[in-house]
Amino acid sequence: ADTIKIGFLASLTGEGSTFGQEQVRGAEVAIDEINAAGGVNGKQLELIVYDDRGRQEDVIVSARRLIDEGIQVIGGANSSGMVMALAPILEKARVPLVSPFASNPAATFDVKKKKVRPYVFRLCATDPWHGTVMADYLFKKLGVKTAALLHDVGSESSEGVKQFFVERYTQLGGKVFSYGYRSGDVDFRAQLTKAKATGAGALVMPSMYKEMGLMVKQAAELGWKPALLGGDGFSMTMYEIAGDTMNDSYWSSNMDLEDKNVQAVLAKYEKKFGAKEAEYTSVVMAYDIMYAISDALKRAGKYDGESIKNALESTKNLQLAHFNLTMDPATHDPLAKPLVIQQFRSGKMYYVETWTVK
Amino acid sequence: MNNRASLLSVNNLTVNYGAIQALKGVNLDVYSGEIVAVIGANGAGKSTLMNAIMGAVPRAGGEVFLDGKLLPKESFNIVSAGISLSPEGRKVFAPLTVIENLNMGAFPIKNREEIYSEMEKVFKLFPRLNERKTQYAGTLSGGEQQMLAIGRALMAKPRVLLLDEPSLGLAPIIISEIFKELTEINRQLGMTILIVEQNARKALLLSHRAYVIQTGQMIMEGNSSDLLHNKDVEEAYLGGNR
Amino acid sequence: MDKEILRLEKVNKSFGGVHAVKDISMTIAKGELTAIIGPNGAGKTTIFNLISGVYKVSSGDIFFNSKSLLRFRPDQIVGMGISRTFQNLRLFNDASVLENVMTAMQQQQKYSFFEAVSHLGRWKNKEKATKERSMELLDRVGLADRYMQEAGTLPYGLQRRLEMARAIALEPELLLLDEPAAGMNAEEIEQLNQLILKIHSDFNLTILLIEHHMELVMKICPHIICVNFGAKIAEGTPNEIQNNKDVLVAYLGEDD
Amino acid sequence: MIEILLRQILNGLSLGSVYALIAVGYSLVYSILLFSNFAHGGFLVVGGYICYYAMLSAGMDITTAAVSAMAGAGVVAVFTDRLAYRPIRERSSRTIYLMIASMGINIVIENIFVVTVGGRFRALPAIFPSGSLDLGGIITASYFDLFSLLISAIFLVILQLFLIKTKWGLAIRAAAYNLRTAGLMGVNVNRLIAIVFFVAGVLAAVGGIFLSARYTLYPQMGGITIKAFIAAVIGGLGSLPGAVMGSLVLGLAEMLTTAYISSQFRDILVFSMLILTLLFKPTGFFNKQIGEKV
Amino acid sequence: MSGYLEGIIALLCINCIAGMGVSLLTGFTGIFSLGHAGYMAIGAYTAAVMTVEYSIHWFPSVICGGILSMAVGWLIGIPTLKLDGDYYSIASLGLGETIRLLIENGGSVTNGARGYPGIDAFTTVPVALSFLVLMAVAMFFLISGNYGRAFKACRDDSQASSLLGFHTAHYRVLSLAISAFYCGIAGALMAGYMSFVQPIMFDSAKSTELVALVVFGGLGSMSGSLVGATILTLVTELFRPMSKYRMLVYGIVLVLIMVLRPSGIMGKHELSPEYIKEFITGKRKLAVVKR
């Protein structure tokens, strides 16, 4: 055929639809651009999107359907849980998947069998990396020695970040009070009241934006003003929820919003859809996934899943919009991906520095 | 036989339950101030007739007039127009008290005093209800519930009172009393009554005129005293000579 | 004296302030046909409810075949041989007439769970028997031609007959009928009299019934008990009852 | 220590008062139609979004926006009755059909917002003064909490008076037992039900506004009604004081469990509490069940 | 046959099995459970842990899943089935969620909220179909006789039933146990179909879906629940390409069917040649409401 079909799994409905719908648009921007530039080896790309409702059982059915339609490479599947559920199916069908935000190490690396999951890749930084960077930054740079941390006990990634944050922070000599909550919760006043009483100097939030927004707002309501440090679940929408109470908060992120490459992608988005993007990380991440895939297709020259997988595995020095990708074949993670610390001030995100742990 | 204008008049009324035709073009007239009885076997369509007049089952054909005016289709409008029914099987509001049930009966009446005095009348008619005032209707004995159902229908001060088997489950002494009271209500207040009864003899003794219904059709009509001595009626509904 | 089947001993029942049954004692002999009469609210249905275990007695005792019923659940009492009909009909309205009877009839035609899911063993014979005997019974009460109709759409009088059929299908020793003639005209009551007498002898039943229709009670019940305000005020033959002053005042009225 | 406890109790009551607003509306519909109206969560969402857009797009002040939201949700509630529940009612008396339809309606409402405005989490602009009142020096209560407690109380009292004192209230209770017979008493049953739905919609909108102001607004926000349902059940279905009491108890239990036991076990405890309540009080705390006599 | 189609068929069989279980309880015994996903979860995790942790063959694992689920149903049923109507429904919602939350807090045994990966994909189409056929036959046999009538009697009027000699509490618990067994098996098969289970898969939305498909098919009609399961599973699948409109369509279909045909597709009738004939010729009369 003259087109190569690329599958995409996104939450178009359900709570994750905020991100899912943006990811699809980000991917579309990339596909349009690649096709306009002549496609891959003279073939046009075509994006096939299926909804996963943010639920494992749906993602499996959707993925099976994509595979059934002969698709040889898939992007998307947001959470680590979904990716882990998909891994055996992908392996059996020999179809590789590149996930935007499956940040749990176990998503690409089977801990039990102690080997990499051959058909699963990711572009984001892992939870341990986020946790470590956040702890390091809080202790060393911000000089806070006691921290309170609220973590989602049902979330793979929140738990992962927490674990490595605590590890690093205590190793550095800090003290952490951590409190659990469950996804779907909207009231954190019980935890925050207790956290405040410990006299912690910072509130650490490896959470999704809705929860983080509410935490920030409710902490202020309780008259507590700690340093705020959040993870990559950040979204601009938070501002609507938390308002100015989130001023001066710090964020560890996969990408720098002020980066000109990132801005360029967002400009293309705005041109194509006539509106500003709502979730820049989702848009850019999906955009970059399409480029990573098309690069692999180009180098593979063949369009079967196994060749694409091999090509993905050997990706080196590929300049994407938000970073320079070299795939680590041992873990299927981007090698030494830098994390960015940003600060939020009056409705805007500002670049602070790129932090690496020594 | 009667030169007054008919108060309630049923023209060619038809009712279907799915494939079953329960009423097949029934005609009936009730003149102002009259007691009219409808008698017939089980399943003849008596209750269906009552329910159809009240708009509680949809009419498939025909009309009902009250005082020459076409009666609306919805139950609540029919009640406001001045007809009320004491339904077969009582249908009291089990979770409401006796007083609350009676108040429900007076729903179309705005004036509180009027409701109050009407309730007094009902209590006089059925002293038993007065004793059970605050009891939940669902726990009343069968006969007490029947009294409540009749009382409730009276509360609306209807122009035409429809009674579907008011003697059902009542002790003989109470039946006699109620029938006496009905005669009184009819005579003193001039209330028009349409009654469906299994106790055909009593119904014929009570009423001025009567109809006989059989499988959804009126087969006979006449003065009650005549019907009481009619051979066919006697055989079919009065249980021989007694 | 015949062998007794049911005995009530100083039975009392109160609902909050309402003393519905007061110190009632009575003895029913095997094979008897007894009526309980009394004004509305006298406590007749409550007596049935106590016998069948719907209500627990406040004090006193009830014996069936010399065994106290107090400890048993309603379904166990049915199993011991007492069945009843209801004053306010309690049919399975959406089920067919036949199914209503079969539901009761099956109590005599039990088979195991395994036979039920596999349709092996006794299943076939028992099901066949249930159905055939139910049809026979329906025929007897005059409902055979309506066997497929939904019970709730039967006219009132026929619903009462169906209730009787259902109670008989349980093959009781003692049958309690709560106002079987309610909603029937004189002619139909006449038929009902015949029916009751017939099942009484055919099934070897003891029958205890509540009625307000004297043309039924006086004609077919040699033994009548009259209650008022929860207490027994008279007991005897139709003749005795009809001439009892208390009964006349409280219940029958001075005749019309 | 005591200060923290008091603080937690206050947190619990404030959460409970929002549950109460939702539970009361739910309970009201239950009391007349005897089914669990799962679309109640949808009404909440409708109210929240109307208020949001009235303020942000139409530039209304909070009072006008709130009133429009209440009216809007009320009308939507009446419409759901007219378009879905009423035809079902006319065909069948089994309330389960209404319940399933209400689940469907909830899905429809939720997804109408998903496809039109997206699944994004939003928030109402700060509509209440953010200050707090000093209660005897030890502890402060935010105006928001006090306000929501007050509003719930007002609505409850008015409704309870309506149900007990007026003949329409009596009609509601009669209709709850038997719609058809209530019609035979001269009650325009459909109008009566429409009134009930309107009131329920209004209450849901108030709850929705509070929720989206205190927390956040999103299409699945209605999911929280499940907690309000549970509160209503603990209090006794169909009983309005029961709904309020159940809500407060539930709010307190949630907060205290989270604070002193574990957030992980919070829901397990809530559900256990529900089940235990029912085992000991099978019809909740405020409900008397009058069975039908044999 | 393609993998996708196979997947749908397997899923369909699973939904049908669970649907029959819920149909017995809801349609035939009149008990509304909003927590049956909990029983599926028990079955699923039992099968998962047995096959993965103890390397037991899938067949006994699936059966154990059903039996364990049935046992839990029985135990829970004895105290809670005393509750009436909506009280039981809401309690069962709580029970279902409690089961899920316990699994979520099950530590290393269940692997918590993150889910349990690496299950053998044993639920092939022949496996799922055989289970469905066997269980359907048993179910249809069960309801066509003493037990079916007893369940329906308890549904229609539990007081009258006990006065017809039925120990109603016993039948209610029995019905719950059987339906828990069916859901347990369905859950176990689900584990083998997904090769991954996670507590969130068995949340209250899943329970609702089960009740919805039963009502959709027709309360008191076993074939109806099969038809309902089939249609709703297919609707969700057919509309998958419509992505974000999918749930909207699902909701609309649910409401429409309730409005247009509240008694469900099959009413309380079973699928039989006569029924189909009457249905096509339009001779089926609408049942008139009596209340």
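As written, the chains take the letters A, B, C, D and E, and residue 1 is the first residue of each chain.
Keep this in mind: a residue touches a chain if its C-beta (ideal position, glycine included) is under 8 Å from a C-beta of that chain, and two chains touch if they have at least 3 such contacts.
Keep in mind that what you see is a predicted model, and the values were worked out from it rather than measured.
Looking at the partners of chain B and chain E together, the chains they share are C, D. Greatest centre-to-centre distance from chain D is found for C, with centres as Cα means. The greatest number of inter-chain C-beta pairs in contact is found between D-E. Distances between chain centres, each the mean of the C-alpha atoms, put A farthest from chain B.
Inter-chain centre distance (chain C to chain E, centres taken as mean C-alpha positions): 40 Å. If you average the CA atoms of chain B and of chain D, the two centres end up 43 Å from each other. Once the centre of each chain is set as its mean CA position, chain A and chain C turn out to be 74 Å apart. Annotation: 29 Å between the Cα-based centres of chain B and chain C.
In chain B, the residues that touch at least two other chains are 17, 139-140. Residues of chain C in contact with two or more other chains: 45, 54, 86-88, 90, 153. The residues of chain E that reach two or more other chains are 104, 159, 163, 244, 247, 286-288, 290, listed in rising order. Remark: chain B residues 54-56, 74-76, 79-80, 84-85, 87, 91, 93-96, 100-101, 103-105, 107-108, 136, 138-140, 152, 156 touch chain D in the complex.
Listed in rising order, the residues of chain A touching chain D in the complex are 13-18, 21, 153, 179-182, 184-187, 189-191, 193-194, 197, 209-210, 213-214, 221-222, 237, 240-243, 278. For chain D in complex with chain A, the residues that touch the partner chain are 4, 7-8, 11, 15, 111, 114, 118-123, 126, 130, 142, 215-216, 218, 220, 223-224, 254-256, 258-259, 262-264, 266-267. Those residues of chain E that touch chain A in the complex are listed here as 2-5, 7-8, 11, 104, 112-115, 117-118, 121, 190, 194-196, 198, 200-201, 237, 240-241, 243-244, 246-247. Residue ranges of chain B in contact with chain C, taken from their complex: 17, 20, 39, 41-44, 47, 88-89, 128, 135, 139-144, 146-147, 165, 168-177, 198-201, 235-240, 242.
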